[in-house]
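You will see two complexes here that share chain A, one where it goes with chain B and one where it goes with chain C.
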Partner chain A sequence: MSAATHVVPTASPRRVSPRELGEVGALVLLVVVFTALNPSTFVTLTNIRTVLDQASVPLILGVGATLVILMGSIDLSVEGVMGAAGMTFILLSDNTRKTVDLGAGAIVVALAVGLALGLLSGLLHTRLRVPSFIVTLGVWFVGLGIATLLFGESVIPFLPDGGIKAWPSHHPLGVPNSFLLALVIVVAGLLVARFTTLGRMAYAIGGDEQVARDNGLAVDRYKVLVFVVAGGCGAVAGILATMQLGAGSATVGVGNLFTTIAAVVIGGTSLGGGRGGIHRTVVGVLLLVVLQNGLVLSGVSPNVQSAVSGAVLIVAVAAAAWPLRDRLRIVT
Partner chain B sequence: MRPLRRRLLLVVAALTTVCLTAACSVVTRVGGANAKTYPKKDVVLVASVINTTNPYMVSMIQGAKALSKRLGVPLKIVDSQGSSQTEISKIQAILAQGKKVALMVNTVASSDAPTIVNAVKAAGGYVTIWWNKPDSFEPARVGNNFAAFQKFPGVVSGECTGKALAEGIGKKGDIIALAGVLDSTTSQTRVAGLKQALKAYPGVHLLDVQAGNWDPQVAFGVTQSLISKYGKKIDGVWAADDAMILGATEAMKKAGRFDQVKFASDGLYPPVVKLMKDHAGNDAVVGETFHRGYMASAIGLYTSYLAVTGKINPAKLPRDKRDSLFKLACVTPANLAEYSRYDDDIDGWVDTMVEKGPWNTAPAQLVGAGPEKLPR
Partner chain C sequence: MSHALVDAPSTAPDRPTRSPAARALALWQSAGPVAVFVVLLILVAIVQPPFVTGGGLRILAVQATPIMLVALGQAMVLHVGSIDLSNAAIAILSAIVLAKALGPLGAAAPLLCLVLLTAVGAVNGLLVAFAQVPSFALTLGTLGVLQAVSLVVSHASTVYATAHTGVLDFLFEIDVFGLPIAFWVAVLLALALWLLLRRTATGRAMTAVGLNETGARFAGLRTQWLRVLAFALSGAMAAVAGIMIVAQAQSASSSGLGSDLLIPAIAAAIVGGTALTGGVTNPLNVVVGALTVSLVPIGAQTIGVTSQAQSLVYGLVIVVAVALTVPRVRSIVK
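So, the complex of A and B:
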């Protein structure tokens, strides 16, 4: 291990590249355009809180997903992990099904479910040498299966009004608690990526896994750890989404896989691994959430929202990356 | 070379003709008005649902189980996991097992209907489709193996809930609407019904229609955005089904406006029954429709069962029993008790349905023939 600390390459997450500035520019441009289109509604305190609240779940998922993608792997299990953790959380909390109330213990157990599913992905991927794409696809359905079993055939479990259900949208510090939680996880993720062996190993494995192995690094151990972290992020996201909705649903995570992976890639993290970072994913998430919110506010017909949303994203990302088009690593 | 090639071509053409003739004759034999029927012991009931997590689908499974118990016929549930491909391949696998199938399928997409019906027909089974099929794909034209298509009318649903919402906000004010998945005919007919109902209320303005994709989480997010856009202007929220109204009520609660806004939606899910019984949010839920997944699945499965066992001959049924619209009740807080009682005794309702037949059991009697027409 002492050798490991010496040879871990110092990936360059600290430098702010023109590409990042491009993405931030695209975000700023979107905000300017939507503000111009909706002068009285877009930049209001209510809407800013709405956007931040909506960004919180994909931000949390984005932290785990970025670390996995930095390693050159992929984690498709987020929706299953969210469902399993969300259902575990609500059934162990005070709910209308009157199952059991463990209080804060419910969060601990739900987190453990997410961490265990992440561990399962990591172990299957590293021990059985099955590509992460396939393993996490399987774990997605394992998670969904657990959630479905927990949901069973009884009535939908609801959280009682007030209390923990109201927590995410409360804003004692000006911004919703859900966003503060996401912020804490993002900052923790940034610190892990920059200042710990785990973060550097993610960059090293994504940069060139064989070189990392040849240098005697414990690649498999760190891979498993990263998947565990991603599982933990999935669990937190599942718990938060369940609190926001106030009801249990096995499919509480539906739609989040696409948003998360898209946000990571749009932010500029390479699907090939080794390049990018959590700070970029934050910009990617905000781009997607602002776009979604802005289109609704601008009165764009829902029939064309998908197409407009896709087109705007392509233009925004292409424009942001235009100056660097010769140097980009294209993953086919 | 040339004569050899010509001879080969002739052989291929002859073979093709023979095969096509044989195939046509097989299809005619099993698919015509005289399709074979089978004794009860050879039959298996199959209920195919879109997923096993949506409360409506869970209710459909409950109905299928109750019917299986009542008839003493084994049941298989197909979970399509939201995918047409999964749905079709699982149904084909069951058909290949050899028992004669009485199938009720809530199709994932309209376009799945022909593939499923053809597979069932080729295996000598019988199918009743619920909710989705192309309008032009009619049971009477396909043959006996496509026993029936059944649904609760969407336009009536939209009209019911639209009227209740307009009345609920005092015939004056602004509302927002959450549609389901935009290309779903069920959603389209319900939204059309809403717009039709609002014509009678010139003081009520439909501010926005957005897609909530039948999903509470999506509906929650969309309602949050619409609250940002319209703020206190919103007097009422309409949704194409209750899964979405649950997301919308939550968003309004978080915005602190739950007791100032009225809601109307379709399906009368148990949590919504509770909201109405508890007079939550100053009687926030003003309009609902009553129809149940267990009623739909039991009616559909029983129709297929009667056909496969020869107790009905689909070819001799009137048009409304092949392409059917069932009664959908408009529910307000005033008549809620009339409908909420059915859920306490699903087995009892299924027993009555078996006694009275699939078309005559209150509150879901046959009321007309499809396909449903959209109002102009």
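So, the complex of A and C:
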């Protein structure tokens, strides 16, 4: 990636570029097509709630993943963090295994597990100078290992019916609670990215890390902080996914890494860092979730669904790269 | 100049005046991966001496073979500064195609796999090079597509090779120096890639692309085609890995033997000292990296780590091994 083309966005985020309209347009097109194909099932209140409920976990993960990718790094550990935090949460809650019931304390401890794993990633990355790709790959397995160790050899812990198990899909405000939680985290993420030093540092590091260092910015400290935030997002997603599943599983996060990174990239955040934003990832997540939901309703075999997501990803990145094509442009 | 390209990817090729520290670093870069493997092996051998004497090494070689092949392909792509997230999916597709084609085609089936999946790899490369799409995003997309193709071709179940399985029997049934021929085939391919990188103009040009692509392009190298070559090699190595999977299992499925090669293979390439940023690859060290990555779960089991703790140990050992062997050629680490 040539550093010269990186521009730290200083313009107001309200100025919408044609590029962003492309993804929003694709989302609208999908909704129109699926409504035409499934007039009686797609745009119903039940299905909209289903889509929003399905979108909540990738949206929460997308906030952390976008901040890390904006910084030019990558976080592969989400599935491990989700497993470790989810397992901690269920074993400290009222469950069929009757371990201990800390009530809301369970959420606090599970969050702490996620933040600690994020801190581990950040410290290993900055102190040992190992690429984030491989550090977070290791932490992925560390998280899975913690979840498996906590699970032990005993029976599967289930959440009792009703109560917190039913909380995510309840919709006292019209939309499911899970989506409201995701919305709160997305808005918080947008505010952090736009108005806090942490957010601006993520853009600055991704734009040109050398320049940021040369200007005396505490690059390493903010890198660690961003990984901690991503760990926190992974923990919230793990707790929510465990509530939705209603049971403890080390692999509660399986499949979320692909969806999250695909959504970030489809949304238009550059993997090289410095360009993009959480608002783009929201559109990317909705595109993928609506697509999967619409395909299921249209009776498409589940076997080809990964191909559809993959093809959308390829088309999205190819379309984004097409106008930038240049004989001297370096793309790796 | 050639020495600067191959041995010292630093900004100044000041070979005669290199400090002792820099020389020690260069030595560690070539010997580090071997040292990490040997230390791990000695640890296992001290706790469980029968592992080394009682056939443990053969099990290690069998397990390491498909990982090694996929890792070698990955290392070639990493060498030009890209990444191929789809090559493990190519290996599984190769295995499924082979299991289907072995009955009707016999000995021609492996050749078909090789040609077909090398072409798939080349398509990845063509898209990266000429549509100018970043390889991480592109191959994440082709990963999804290839997984679906595997599911559709196999009808989401296990495909058993019905006839002519004898064609592949020699790979795991005949041993040379106590290790199966399949392992030695992978080692020979590694040697071939080492010769390509170190002894041919094409290989040197690939190194130049990995170290400084802008410079390589201004020097008149056809950098796009070198990238296509790297991806095609990745496809070819994955196709051979698929052949090994069928030779071992006589069957193939999307969730069976060899369906989780991507992460171990990337780990193997990097534990083998390959730089994610490109230009620093030693295929022979990738062989050692694959052995290290395969030794961790087997060794942990042998020395009595409970099965619940194994992925924890795996994650920690990978991070430590990489921290010890990662080439630190650039000041910025992403």
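Operating definition for what follows: the second predicted complex is superposed on the first by the 293 of 332 C-alpha atoms of A that agree within 3 Å, B and C clash if a C-alpha of one lies under 4 Å from a C-alpha of the other, contacts with A are read in each partner's own complex, and residues count from 1 in each chain.
Throughout what follows, a contact is a pair of C-beta atoms (placed from the backbone, for glycine too) under 8 Å apart; a residue touches a chain by one contact, two chains touch by 3 or more.
Note that the structure is predicted; figures quoted are calculated from it, not measured.
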Chain B versus chain C as contact partner of A:I60, first or second or both or neither: neither
Touch count on chain A, higher of chain B and chain C: C
Which superposed partner A:W140 touches (first chain B, second chain C, both, neither): second
First (chain B), second (chain C), both or neither touched by A:V254: first
Chain B versus chain C as contact partner of A:S169, first or second or both or neither: first
Touching partner for A:N303 - first (chain B), second (chain C), both, neither: both
Chain B versus chain C as contact partner of A:T148, first or second or both or neither: both
On chain A, the residue positions that both chain B and chain C contact, one per complex: 148, 151, 153, 303, 305
Residues of chain C defined as touching chain A within the complex: 80-82, 127-128, 131-138, 140-149, 151-152, 156, 213-214, 217, 263, 266-267, 270, 276, 278, 308-316, 318-319, 322-323, 326, 328, 331-334
In the complex, chain A residues that touch chain B: 38, 41, 44, 46-47, 50, 53-54, 96, 147-148, 151, 153, 155-156, 158, 161, 166, 169, 241, 244-247, 249-252, 254-255, 292-293, 296-297, 299, 302-303, 305
Touch list for chain B against partner chain A, complex: 51-55, 58, 61-62, 179, 182, 208-211, 215-218, 220-222, 224-229, 231, 246-247, 250, 253-255, 269-271
Chain A to chain C touching residues, read off their complex: 2, 72-74, 80, 124-125, 128-135, 137-146, 148-149, 151-153, 209-210, 258, 261-262, 265, 271-273, 301, 303-314, 317-318, 321-322, 324-326, 328-332
